[in-house]
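Common to both upcoming complexes is subunit A, partnered first by subunit B, then by subunit C.
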Partner chain A sequence: MTDHVIEVRDLRKEFGAFVAVRDVSFHVERGEIFGYLGANGAGKSTTIRMLCGLMAPSGGAATVAGHDVGRDPMKVKSSIGYMSQKFSLYRDLVAEHNLEFFGGIYGLRGKTLSRAIDAAVERTGLAPHRKAMTGSLPGGIRQRLALACSILHSPEIVFLDEPTAGVDPAARRDFWRLIRELSSAGTTVFVTTHYMDEAEYCARIGLMVDGALVALDTPRHLKEKYVPGVTLAVSGRDLHRAIAAAAALPGVIAAEPFGARVHVRFEEGRVDEAAVRALFSREGRVDRVETIEASLEDVFLAVVGAGEKKEDAA
Partner chain B sequence: MIRLLGMLASVAKKEVRQTVRDKRMMMLLIVAPLIQLFVFGNAVNLDVDHVPTVIVDQDLSHESRQHVARLLADGTLEEIARTHDTEAAEHMLVTGDAAVVLVIPPGFGDDVARRRTARVQAILDGSDPNRANVAAAAIATYFAGESQRVQRERGVALASTQGFAAHIPDVVVDSRVLFNPTLDTAVYMVPGVAAMLLLLITTIVTAMGLAREREVGTLEQILVTPVPAAMLIFGKVLPFAIVGLIDFGIALVVGSTVFDMPLHGSMPLLICATLLYLMTTLGIGLLISTYSSSQQQAFLGGFLFMLPAALLSGIMTPIRSMPSWLQPFTMLNPLRHYAEILRASLLRGAGLTDLITPMSILAVMGAVIFTYASLRFRAVTMK
Partner chain C sequence: MRSLTRIWALAAKEVRHVLRDPRSLYLALGMPVVMLLLFGYGVSFDLDGLPLAFVDLDQSQTSRELRQRFTSGPEFVDGGLIDEDEAEGRLVSGRAMAVIVIEHGFERHLRRGEDAHLQVLIDGSDNNGATQTRAKTEMMGRIFGFQAATRVVSASGSAIEARTWTRFNPESRSAVFLVPGITAYVLAIVAVLLTALTVAREWERGSMAQLFATPVGRLEIVIGKLIPYMVVGTLAVLLVLGVGMWVFDMPFRGSPLALAVLSVLFLAGMLGQGLFISVLTRNQMVATQAATMSSMLPSMLLSGFVFPIENMPQVLQYITVVVPARYFVEGLRGVLLRGNGLEELWPNALALLAFALLMMVLSTARFRRTIA
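On to the complex of A and B.
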């Protein structure tokens, strides 16, 4: 039997006539990195706020670490860590004092508190910055400090609401290394992000469109389902002249220019690399043809596009 | 329980660390009250004396000179000029150089000597009604006393010539001022100013402190922790309540050493009253913060409350002289009750039994405001 550390059933949130989250159901397994994707205003943050006990659901139910979010928000809060997109530590305190404060209000004190601080500092590599004024720390280190503050009480689950927004690529990579370490140590990570390359790190991904959870699976399965077929990237000269002809080829799903290259996606078995190369060579010069994997960005666009089409029909 | 107290201590410790680092805040908490105390204690002087007076003596008799000298002797009026020209004297009223013109018409000395009704004229600048009243009263009292003396002398003279005993009914008011014998305004003002200072510090600091947490986003980070709203609120206001008590102590020391304010009342009673009062002011600060989404709004909100609270407290002007429809509203003002307790206790040595009414009003008010504000705070932040 699998261990569901988060269990959500028909969760709903209404603000007056506006439905922010409509009847969402899913579960998260212990220790997994669960990605929650969606456009701005799709209902990601509202879902997280309900799961953290910050907001009561209008309908449905959710248990987090075994506690009902509507009935037992205090117990939920004790078992989770939360880090929001907005940097929300005290800039006018030194790093260590922020840790002391948040540890203190999680109920830690004395030896337990100082050991928890040492452990969190060690884990996040903050040792050289302990005595630094928080406001003077660079963005990447601040994010690590915020993470350290949210894991002091060894929570079962950490909620990260766009934790890397506005952080440089190197710092983002470091931060994700930390997230993976947390996860392999048994902490469940629930993360929302705008960066599709980050989403690839997640074990499973949920996709929200207009308050509804429209897709939920591993990145690989999502790609197979929403971006089926084989994609070839053709590079060379004067390729654009053949795009229309390529798109008209039986078995081809899409042929689109992508930067200097052209991406041709087709159903496996009905077209092959030689046929594509031959088609483009007629109009221009082909230098290289390679098979590429579909990205989550393609999945995202396919899913959101489908949602929009459905709306147009309705 | 220990866990909750630990949370409270963490919040209080963090608050102290932030405040100590913030130089402007330290100024607001410690230096500003001292300055205000000195400024208010000295500048808000309701005592009326040395009223600038122009003497227009058109009589120039021995009697006129003698009466003017005796009228000026008590210090309420001060002669700044002497002239014959009534118009020039009145012009000095317009320019503000003088507040009183005392005209002694020709024939005054003659009338006095012949036992006829003598007249003097006082022209007063009414733009400061209080000063005009006091000056008019000083002049009227002096001349009433004089006519009484003259009548008595005449009665005695009559009696000796007619051969019967003189019996003139007479009421003499012998007033004795208790508690503030010199009627010094500073002694009266200092407790009131102390009450206003506590209001300023605790209400505005609490309102702004919570609004800042909301604005910066730290409030949300706190709300995902299991710290109960009550511990958060108490932890945040506790350091400022202590600062409030320290400021109160400073006010008492300055009041008694610099302004010779008596310290009659019992300390436990005063501290108890102060704690009840702080509960209302901190509660109002909390309430204002629930209506503000930024520090500016909280600051403005604080002032919107402060101004009417100070004006309707009876500290600057007596409540009895307010319009009668307005007077009941002052009962809703915690500042009014606290100032009343401070004055009664410090200046008159009133005890708990004398002050049970304002004390209970403060207690009820504090409990209601604080509870309502806490519930609202929770409702607003938890949505």
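On to the complex of A and C.
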């Protein structure tokens, strides 16, 4: 039997008539990086808050590290680390004092506390910033400090709610390196994000649309399922005139402008590069045609699009 | 054990906040002293050098003696002899606090042991001054009458002599009476404000949400927050009483234990009230206003600090029952001036304890709802 460190069954949250989370079920395996994706207001944060014992579910059940989130929120809180969307450490304390405070809150003291702080500082590369005033640290380092504060008590699971929002790309990359290190050391990481490039780092991804979990799989499988076929990126001039014609070709699944380029996706074997090049050359000038791999962004758009179509039908 | 560790961590963090930005410390320790000095020197209900004018219709030895006697104390100065028709003008222009009219035949009436009359016209625009002037002139008039009568009677053998003796504050100094009230007043404001601000700040900055994601309990947060401010508040009490004793010669006649018990309970109640406000408002701006209003007005107006509770309309008297400052002011006066101990003041301690517990329970209960 696999080791499910998070187990969610028909989890539901209602705020009056509004259903924020709609009967969601999934599990997370020990040591995995689990990504939770969705637009703002899709129910990501509400789910995370229920799993952290911050909010009681309206229906269904979830166990986190073996504790029921509705019945035993305090035990859940002791076994997890939580880093909220909003930076919520104390800006008027030096970095080290924030660490001491959160260590104390998790019941650590004396030698255990100072060892835990040393370890967390080491792990997150904060050694040069230990004595710095928290409010004066740059965003990326602050995020690392927040992470350090949430792993002091060696939790089984770390919940990161939009940990890299508003952080520059280099700092985001560093932060994800930390997340991967945590995971390979055996800590389960549950992370929400709306940066699709970050989601590629996750072992598995759940996609939320309007409170429902509409897709859940590895990034690779999600791409195969929602963005099947081969995608060619055509660059050149006056390409837009041929988009409609390209979309009408038999075997073409979609032809869409994508930045300055046009993406043409088709079922493998039914169309080839030469045919696409010929079509676009008729109306404009083709500079380059290259095969690209579908991104999670494409998956996201495909899934959200499917959701919207379903709504239209209903 | 873990619970203690958590409370300790919270308290230590709070101390660091305060040390990092000591303005709240200045507020807590400086404001009480400044206010005590301002009130102590500025607010005085003592009569001092008020001008008395005299209309002497008797023109006798006795009437001159009366005039001299009335103005020999510190309360009144001689505003001079005037004509009867000038009296009104003196009062209207404010050149006299009161006009004493000595009737024609004053000396003769006294000699014969008959009723002798004085008319006292008082400027009532300053209510407190008027009340005190009335009381003082009445008393002086009576004493004068007694003494004059005694001289007559003593010839025939018997003597009546009136001696008043004001216990506990023999010189009737306002400062001595005011210090306990001011202590309660400034402590109430500072304590309520301090906690209201620090907890509201946690909500505003989002750190409260972060705390809720940790295994720290609501009561632990409440206690951890209160301990450091309890210490600050205790220092403020000692400081205010010290200044009161040193600058205003405040006596300390009663039990230090009673003082400690009352102060700690009062502080706990006020800090709890601040906590409750900030749990409700979660916003520093609103919390500041609510804290100031809810602490300042009752502890000033309904505590007996300025206006004696017995003189209030019945409805207000009932309201003062739930004003903790009332019990503290009463208790402080008891300990400092009357030399009381807990034997006399246990009902006050009990009332303060009840208020403190109520505030703790209310704040903890409100915390719960916000998490669910």
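Note that in this section the second predicted complex is superposed on the first by the 314 of 314 C-alpha atoms of A that agree within 3 Å, B and C clash if a C-alpha of one lies under 4 Å from a C-alpha of the other, contacts with A are read in each partner's own complex, and residues count from 1 in each chain.
Operating definition for what follows: a contact is a pair of C-beta atoms (placed from the backbone, for glycine too) under 8 Å apart; a residue touches a chain by one contact, two chains touch by 3 or more.
No experiment lies behind these values; they were computed from the predicted model shown.
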Worksheet entry | Room on subunit A for both subunit B and subunit C (clash or fit) | clash
Worksheet entry | Which of subunit B and subunit C A:Gly107 touches, first, second, both or neither | both
Practice prompt. Based on the superposed arrangement, let me know which partner A:Tyr90 touches: subunit B (first), subunit C (second), both, or neither?
Written response: both
Fill in: subunit B versus subunit C as contact partner of A:Leu54, first or second or both or neither
both
Worksheet item: Is A:His67 contacted by the first partner subunit B, the second partner subunit C, both or neither?
Response: neither
Worksheet item: So, does A:Arg144 touch the first partner subunit B, the second partner subunit C, both, or neither?
Response: neither
Worksheet item: After superposition on the shared chain, which partner residues are touched by A:Tyr82: those of subunit B (first), subunit C (second), both, or neither?
Response: both
Discussion item. Touch test for A:Arg204: subunit B only (first), subunit C only (second), both, or neither?
Written reply: neither
Item to complete: Overlap the subunit B and subunit C contact sets on subunit A and report the shared residues.
Response: 52-56, 74, 77-78, 80, 82, 84, 86-93, 97, 100-107, 109
Practice prompt. Flag every residue of subunit A that touches subunit B in the complex, lowest number first.
Written response: 52-56, 74-75, 77-78, 80, 82, 84, 86-93, 97, 100-107, 109, 149
Discussion item. Looking at the complex, which residues from subunit C come into contact with subunit A?
Written reply: 2, 5-6, 8-10, 12-13, 16-17, 20-21, 205-207, 209-217, 371-372
Worksheet entry | Contact footprint of subunit A on subunit B as seen in their complex | 3, 6-7, 9-11, 13-14, 17-18, 21-22, 216-218, 220-228, 231-232, 382-383
Worksheet item: Any idea which subunit A residues touch subunit C in the complex?
Response: 52-56, 74, 77-78, 80, 82, 84, 86-93, 97, 100-109
